[in-house]
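What follows is chain A paired twice: with chain B in the first complex and chain C in the second.
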Partner chain A sequence: MPVNTNFFLKKRLVSLILIGILLLVTYGAMVITQFDAVKGLTSIPQAVEWGIKNFYPNQDALDKLPRIWENLRETLLISLAASTVAGVFALVFAIIGSSTTRVNSFLGTFARGIATLFRNIDVAAWAMILLFSFGQSALTGYFALFFVSFGFLTRAFMETIDEVSNSSVEALRATGASYPSIIIHSVIPSSIPQMISWLLFTFETNIRSATLVGILTGTGIGFSFDLYYKSLNYNAASLVVIAIMLSIFAIEFLSNYIRRVIL
Partner chain B sequence: MTALLEVKDVSKQYGSDTLALANISFSVKEGEFVSVIGPSGAGKSTLLRCINRMIDASSGTITFDGVNVPTLNKRELRRLRTKIGMIFQHYNLVNRLSVMENVLHGRLGFKSTVAGALGIYTEAEKQQAVEILSILGLSEQMYKRCDQLSGGQKQRVGIGRALLQNPKMLLCDEPIASLDPNASKIIMDHLQNISSSMGITVLINLHQVEIALKYSDRIIGVSRGEVVYNGSPDKMTNEDIVRIYGSEAETLMIDVGDKDVGDKNAG
Partner chain C sequence: MGLRMKPAVAGQENAVLNRQAKIKVKPFTKEAFVIRTTLISLVLLTVYGFFTFDYKDASLVGGTLSMLRNFGVMFFEPHFSHFTFWEAVYQVLITLGLAVLTTLLGGIAALLLGLLAAQNLTNKTVSNIVKGVIAFIRAVPTVLWVLIFAVAAGLGSVAAVIGMTFHSVGYLTKAYSESFEEMDNGIIEALKASGARWWQIIFQAVIPASIRYIVSWTFLRFEINFGVAVAMGAAAGAGGIGFDLFMASGFYFDLREVGTITYFILTVAILLEMTAMRIKKKLKTA
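Right, the complex of A and B next:
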């Protein structure tokens, strides 16, 4: 059978048109925002140069290390507390909301609705809303992280329960087991490793978010960065960034290790 | 012998126009080994699940062991389910738990809420689990996690869990559909042995006609939600098979005249 050359020609043409449209949109956006591509590109070396000259920790900054460490510890502990407490609440809501284990459809929809509400409001938005109630305190950051983690974990736990324990729940129902027995002997053992994995993921994300929330609420490591940066103490600010990066690496390493062991 | 299970005019409707079961009636005597055969989507699984009300039938009456099943309340339904063991195509075990724990799950239906939730089993129950596992040839696997077992071994754990309920009847939903011919034979032999030596009634959904012919006391043929054959395997003719499977029957390569062709398309 002869190869239809038109077929390939047409595919190429479609790709070309798509690339053309993409370039046009990019150019349009540049014109509207008056972005100078050449200036943008040439300023990158300048930025790097500035960074090397100013953005490094010096002896003065290292003297501030104990204070930075104190704030970093506060941030880490708040993230951990928010994730774990959210995990406990999420487990209850996930069991009520999952289609495998829900008690009835009304409660199920209710639990799902709550989770969606908490998940879809961004952590920064939560922080600003809560600022009114709790002011600039660690509690504001804690609750902001808690709400978002709770919404996310409920969703993740529900999917885990549906995916992992669907079949064994059916089997235990068929033996005449009661609802609490089914949850404890089938749902929890099947889904606990994946749930812990999600919890670790939330913990990691929370450390990152906590830094940002800290800038808003004036607590933790975010506040340290904001303070040093705005007072033009770039050396200390750079030390804060390095401290955050190191702690994120350390925790990621740790949680990957835990995952390897439990999964 | 009296009828253990009596199914009368049972229908199941999904949505407004999908009729999964249409006025199904049959009865099963105590100790009988009954196979339900039919093409995919004929309603075999739905039929089985209506009996222990994993699915609620839309209409009709089901009587099991003198109890009218559709009218039971939650507690009575749990008691009914303890008398009926169920075996699944995908074994439905808790894979992260050990063989022993999975088998003991068969006793959960008999426990109070607290004892069930805490998983408190008596010494006698554990002893019985050990005995059942040795009958099923799983003594060495007793403390292994179920995700380390082969498909055939997992299905034997499933059978063990059902047997620990001390059931009057086993409902088997395509128990060998995911197994190779060798493991299938082991499972079918165990089920036959359970039926004949323990006197437990077996109602089994099967895909493989030759296996149904070989093992059953009676065959029920289901097509499009209706019973189209109900009788002994010896009396089954090619016309019956065509009635059950429709035009597909010719591609099934089944010749009921010669029943020893068992492994022609097993597995």
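Right, the complex of A and C next:
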């Protein structure tokens, strides 16, 4: 019996200490960010009330639809182009970096390092960096999305290759197949469904990030939103939000269908 | 003789033709069709996109060259001009603080919603309603949530944390509810049969069984939230290192300082990623 009570006491003590640490960290975070919890809680009903009163599209906003659509189309295409091109580069780097298919350990580490570098600089930071080179053009957003997608996809593709093709690569190697034919006939065919799934995932994420990048660099749908938001034209801004939401839903629907068939 | 030869020759010709036709190794299935269509449309749309982008006065070659030059300046000649090392550390801490608050608030809300969204803990109707709301929240980009809240609460940490929390709730609810749904139904049934109430089932069975997943998903979200907090500092006035980045790039045009800030962001992000990977590995082996 005493052993049992000790066990529960110890367990309770550990969870109490953990909760204490968590509360302390939270308090520290609130102090350093000057976060006002009361204001935070009351702002939610305020925002909802404001949203119902002001944040809906009206006739005036609907007239701007052609221009919004023009910008949305560009944003969608930039997100897609960034994911596709990143996918091609990521495939090469993943094959070099994966422990199953790498040529040698030096190149493998190099590929992994490059991917880590690109992945861990946030897309907003990339946008601010690239503004120096490409200015307020579509290329700034394109490269920002491309770099982050490339870093992310390289890691995802590497994990896919390791998961899917370990035993088949070994089998082919044993039969004396050459390196290129192992890659072309075994690694790529067996991991392509999973890779397409990841590619579609980055496409979806890129649309959301593109909105952010657009606000920072003044391009695409993010620029549309920023323009209407800053000129206090909330009706038009709400239409932009609805347009983004609908396009994300449509793309999620489509990619879920593709996933269901191929996976 | 000649007449008899003919069919024989024709037969030989047929055989030759048949041998030249490739043996089909991969049958043409619906999967293959969808994979090919997806890949072809991705490539075509990418090419089409490159022709229609609004390049303004930026050129691909010139821009890329200047990008490489800028990378060199940024990463090899970083300097401090508008802040000191310790001020930068303090700003990084603010960004981390935003991420902590967002993750915690989001985690608490998501735990509740995740329980409601798990089909084995509630019924189908409640689960579908919650999942619908979550899909709606996730479809709106974080920066738009922050900016929408900023109208009511003013630009600053309050709007940033609340707006960022929305997306965390969406992400974590999905992750939590999926791990709840994966759990062994026998445990829940046994507790139900012994007369345990809903809350007792949650605290004695559901949460202890899935605590590992909850911890690892929450930390993964914390890692994402750090990046988001940097972005919100730059785009929505949330403060922290992101705001310094925005000022250095958009106002002072100081490439070397942008390099310094990038090093700070990179260091924290890589440390977080390494910790997340370690946690993930521990979960896999345990």
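Note that the second predicted complex is superposed on the first by the 219 of 263 C-alpha atoms of A that agree within 3 Å, B and C clash if a C-alpha of one lies under 4 Å from a C-alpha of the other, contacts with A are read in each partner's own complex, and residues count from 1 in each chain.
Operating definition for what follows: a residue touches a chain if its C-beta (ideal position, glycine included) is under 8 Å from a C-beta of that chain, and two chains touch if they have at least 3 such contacts.
This one's a predicted model, so the numbers in the text were calculated from it and none came from an experiment.
**Student:** Aligned on chain A, chain B and chain C: do they clash or fit?
**Tutor:** Aligned on chain A, chain B and chain C fit with no clash.
**Student:** For A:R173, select first, second, both or neither according to whether it touches chain B, chain C, the two together, or no partner.
**Tutor:** first
**Student:** By residue count, which of the two partners contacts chain A more extensively, chain B or chain C?
**Tutor:** C
**Student:** Taking the superposition on A as described, I'd like to know which of chain B and chain C A:G40 touches: first, second, both or neither.
**Tutor:** In the superposition, A:G40 touches chain C alone.
**Student:** Of the partners chain B and chain C, which touch A:I251 in the superposed model: first, second, both, neither?
**Tutor:** neither
**Student:** Going by the contact rule set out at the top, does A:S181 touch chain B (first), chain C (second), both, or neither?
**Tutor:** first
**Student:** Quick check for you: in the superposed arrangement, does A:P193 touch first (chain B), second (chain C), both or neither?
**Tutor:** Both partners, chain B and chain C.
**Student:** Would you sort A:A138 into first (chain B), second (chain C), both or neither based on which partner it touches?
**Tutor:** So A:A138 only meets chain C here.
**Student:** Which value in Å is the smallest Cα separation between chain B and chain C when the structures are fitted on chain A?
**Tutor:** So the smallest C-alpha to C-alpha spacing between these two chains is 5 Å.
**Student:** Shared contact residues on chain A for chain B and chain C?
**Tutor:** Comparing the two interfaces on chain A, one with chain B and one with chain C, the shared residues are 192-193.
**Student:** Where on chain C does chain A make contact in their complex?
**Tutor:** 30-31, 34-35, 38-39, 42-43, 45-46, 48-50, 52-58, 60, 63-64, 66-67, 70, 74, 93-94, 96-98, 100-101, 104, 135-136, 139-144, 147-149, 151-153, 156-159, 161-162, 227-228, 230-231, 234-235, 239-240, 242, 245-246, 248-250, 253, 255, 258, 261-262, 265-266, 269-270, 273
**Student:** How about chain B: which of its residues touch chain A in the complex?
**Tutor:** Touch residues, chain B against chain A: 52, 54, 77-82, 84-86, 88, 90-97, 101, 105-106, 108-111, 113, 116-119, 158, 161-162, 165, 171.
**Student:** Sort out for me which residues of chain A touch chain B in the complex.
**Tutor:** Those residues of chain A that touch chain B are 165, 167-168, 170-178, 180-182, 184-186, 189-190, 192-193.
**Student:** Per the contact definition, I'd like the list of chain A residues that touch chain C in the complex.
**Tutor:** 22, 25-26, 28-30, 32-36, 39-40, 43-44, 46-47, 49-51, 55, 74, 77-78, 80-81, 83-85, 87, 116-117, 119-125, 128-140, 142-143, 192-193, 196, 199, 207-209, 211-212, 215-216, 219, 222, 225, 229, 234, 241, 244-245, 248-249, 252, 258, 261-262
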